[in-house]
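In what follows, chain A forms one complex with chain B and a second complex with chain C.
Let's look at the complex of A and B:
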């Protein structure tokens, strides 16, 4: 399969779910999709097209919360980033970790740092933050404020 | 047989990062494993948003104390991908030299520690002695034994002086005969074969499912290396081999790292000899609005950085993914069914850090300590000793 075949394949199969396909450079393609389609498109990339899952990155964009799922098809030297936009009030999306083990940790990380709910995650326990970190406080949100009144932030210099 | 839960960790600043393992064992066999990380979460992604692009390079250089150049490399490539733009050819060569010299020292460090935990302290001494020569090369080239501060978006910060090149070449050449001897000693040792072969096996399919990276996945037959798949730096300029093995056990992971040091030496030698003339910095001024992704092959696997710019001089989002984040969860596949005395070396085989090992405490259900971390290293060494005696002893 060539690069064009892969992009045509994605367009053909998931045309109704694709919001925007941005062909940035020979090595990078950003595909914005509807959040409901993430499991179908993600597993298609991983299982059928043989892409490797790099990582997902979440960003609080104020008006929406965005996740980018980065996949690499090494034979084509092509990095495909699937972009979803979520409602900042209730960011929620289906879990890909049920189908792809490699997403297990990063979905847990996104839950803790950005407060995104991954429906159906097989192991939604806390991974990174301390046990006494309060529920509902997300450090990578724009509106995050220091919650620990006793914390000493002086650096001693 | 009753089950025993073994808590391992979390605090041990000896290597890179603390983590907390819970091993569930039946007798000597590990039946389940769970991991908790984040004890040393430094919030670097958040911190990075408050720094200008050039200063971010210094922040990310401090993520890892061993492969400290891999994060600046991935970060600068992510910033350059926002444009997208290419750096001058001389800068590419210098970047490659730094990255590959670092790979040699990182693999030697791993080899030494692996030897230490198996009761082969001679391997430890030899490997770390060779590593000193490499650190000397780093000091000559960059002024630092570690945290080289060579990278900046658009190029490198320091040039390599022509008079330093012969000294560096000589030092790298000087370790190769000893390294070759060490390679043969490790690869032909029947005790090491018995100790490491078939231990902690990860299959090809598991490596794919976990999206494992670097030597951890190449040991399972996954022929993937960012340096080959998405060439950057000077890697397409010279011939070199990607090392891939099939068995997926601890032995193969060790073989890959040893053989890769020779390939890295080859690459560094080529770059130093053929270092082209020209500028070392593209002098980029303003980073445009947009997104950039940089990924490079660090000693432990692909390091991945994502940068989002809004046109100001600071990133609005900077995502860092170290290779261990993907390699870590493979424990689930490799440790189950193995013995406690093998857990130490399997946990070490992906080259994460050894913070866990000396903090291991085995407790029974009542909370009484059965084994300490020292005991587990002792168990590991005793097994090697038993095998050695069983083979006629030496």
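Let's look at the complex of A and C:
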């Protein structure tokens, strides 16, 4: 399958779910999709097109919260990034971790650091933050304010 | 100087602890143990257990998770114990000073005897720091 075939396949199958397909460079394609379609498109890339799941990255973009799911098709040297935009008030999306095991930890991390709810995650325990970290405080959100009154932010010299 | 401390400085056994560093300081610390720099000629030996250690080498910026482990280790180490803060992060938290996960500097958690600045400090700097430490507490 060539690069053009892959892109045509994605366009053909998921045309209604694709908001924008941005062909950035020979190695890089961004596909913005509707959040409801993430499981269908993600598993199709992973199972049918033979892509490898690299990592997901989340950002608080002020007006929306964005997740990029990075998939690589190594035979074509092509990195496909699925972009979803979530409502910052209630960022919620279906979990891909049930279908792709590699997403298990990164979805837990996104939950803790950005407060995104992954519906149907198989193991939604706390992963990175300390046990005494308060619930509902997300450190990588733009509106994060320090909750720990004892924190010392001086150099001490 | 107490007899204990004098005996300790003849052959200080070091224990290496990373409190969330980027591993650069750890690599340079381990470099000191290689034949090229060979801190064993000063009698220093890497201790496998905190209970055998005389000197605690601390790297990293003390994040919330590792601080709990640091306190546990400090309770277990036989006193007197000297603490060396290796690298900018252990000294003043470097660029992580405003990080949500690094609320307290190392020297507000346990007493620090010597700071070795650098990002990362060279093995020569680490050895110079340790020699200074020995001189400071009154060894040869």
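In this section, the second predicted complex is superposed on the first by the 156 of 157 C-alpha atoms of A that agree within 3 Å, B and C clash if a C-alpha of one lies under 4 Å from a C-alpha of the other, contacts with A are read in each partner's own complex, and residues count from 1 in each chain.
The definition used in the following text is that contacts are C-beta pairs under 8 Å (C-beta built on N, C-alpha and C of every residue); 3 or more make two chains touch, one makes a residue touch a chain.
Values in this document were obtained by computation on a predicted structure and should not be read as measured data.
Using the contact criterion defined above for the overlaid structures, shared-chain residue A:139 touches chain B and also reaches chain C. Look at A:129: by the touch rule set out above, it reaches both chain B and chain C. Once the two complexes are laid over each other on the shared chain, residue contacts for A:27 go to chain B alone; chain C is not touched.
In the superposition on chain A, contact of A:152 is made with chain C only, not with chain B. By the touch criterion defined above, A:68 lies against chain B but remains apart from chain C after alignment on the C-alpha atoms of chain A. By the touch criterion stated above, A:18 is placed in contact with neither chain B nor chain C. If you count the residues of chain A touched by chain B and by chain C, you find the higher number for B. In the overlay built on the shared chain, the residue A:54 is in contact with chain B alone; chain C does not reach it. In the superposition on chain A, chain A positions 128-130, 139 are in contact with chain B in one complex as well as with chain C in the other. Taken in their complex, chain C has these residues touching chain A: 64-65, 68, 92, 97-98, 100-101, 103-105, 107-108. Across the complex, chain A meets chain C through its residues 128-130, 132-133, 139, 144, 146, 148, 150-153, 155-157. Partner chain B is touched in their complex by these residues of chain A: 24-25, 27-28, 30, 52-55, 57, 59, 68, 70, 72, 74-75, 77, 79, 81, 100-102, 104-106, 126-130, 139-140.
Partner chain A is touched in their complex by these residues of chain B: 36-38, 41, 43, 45-46, 81, 84, 208-211, 224, 229-230, 291, 293, 295, 302, 304, 306, 308, 316-317, 319, 321, 325-326, 328-329.
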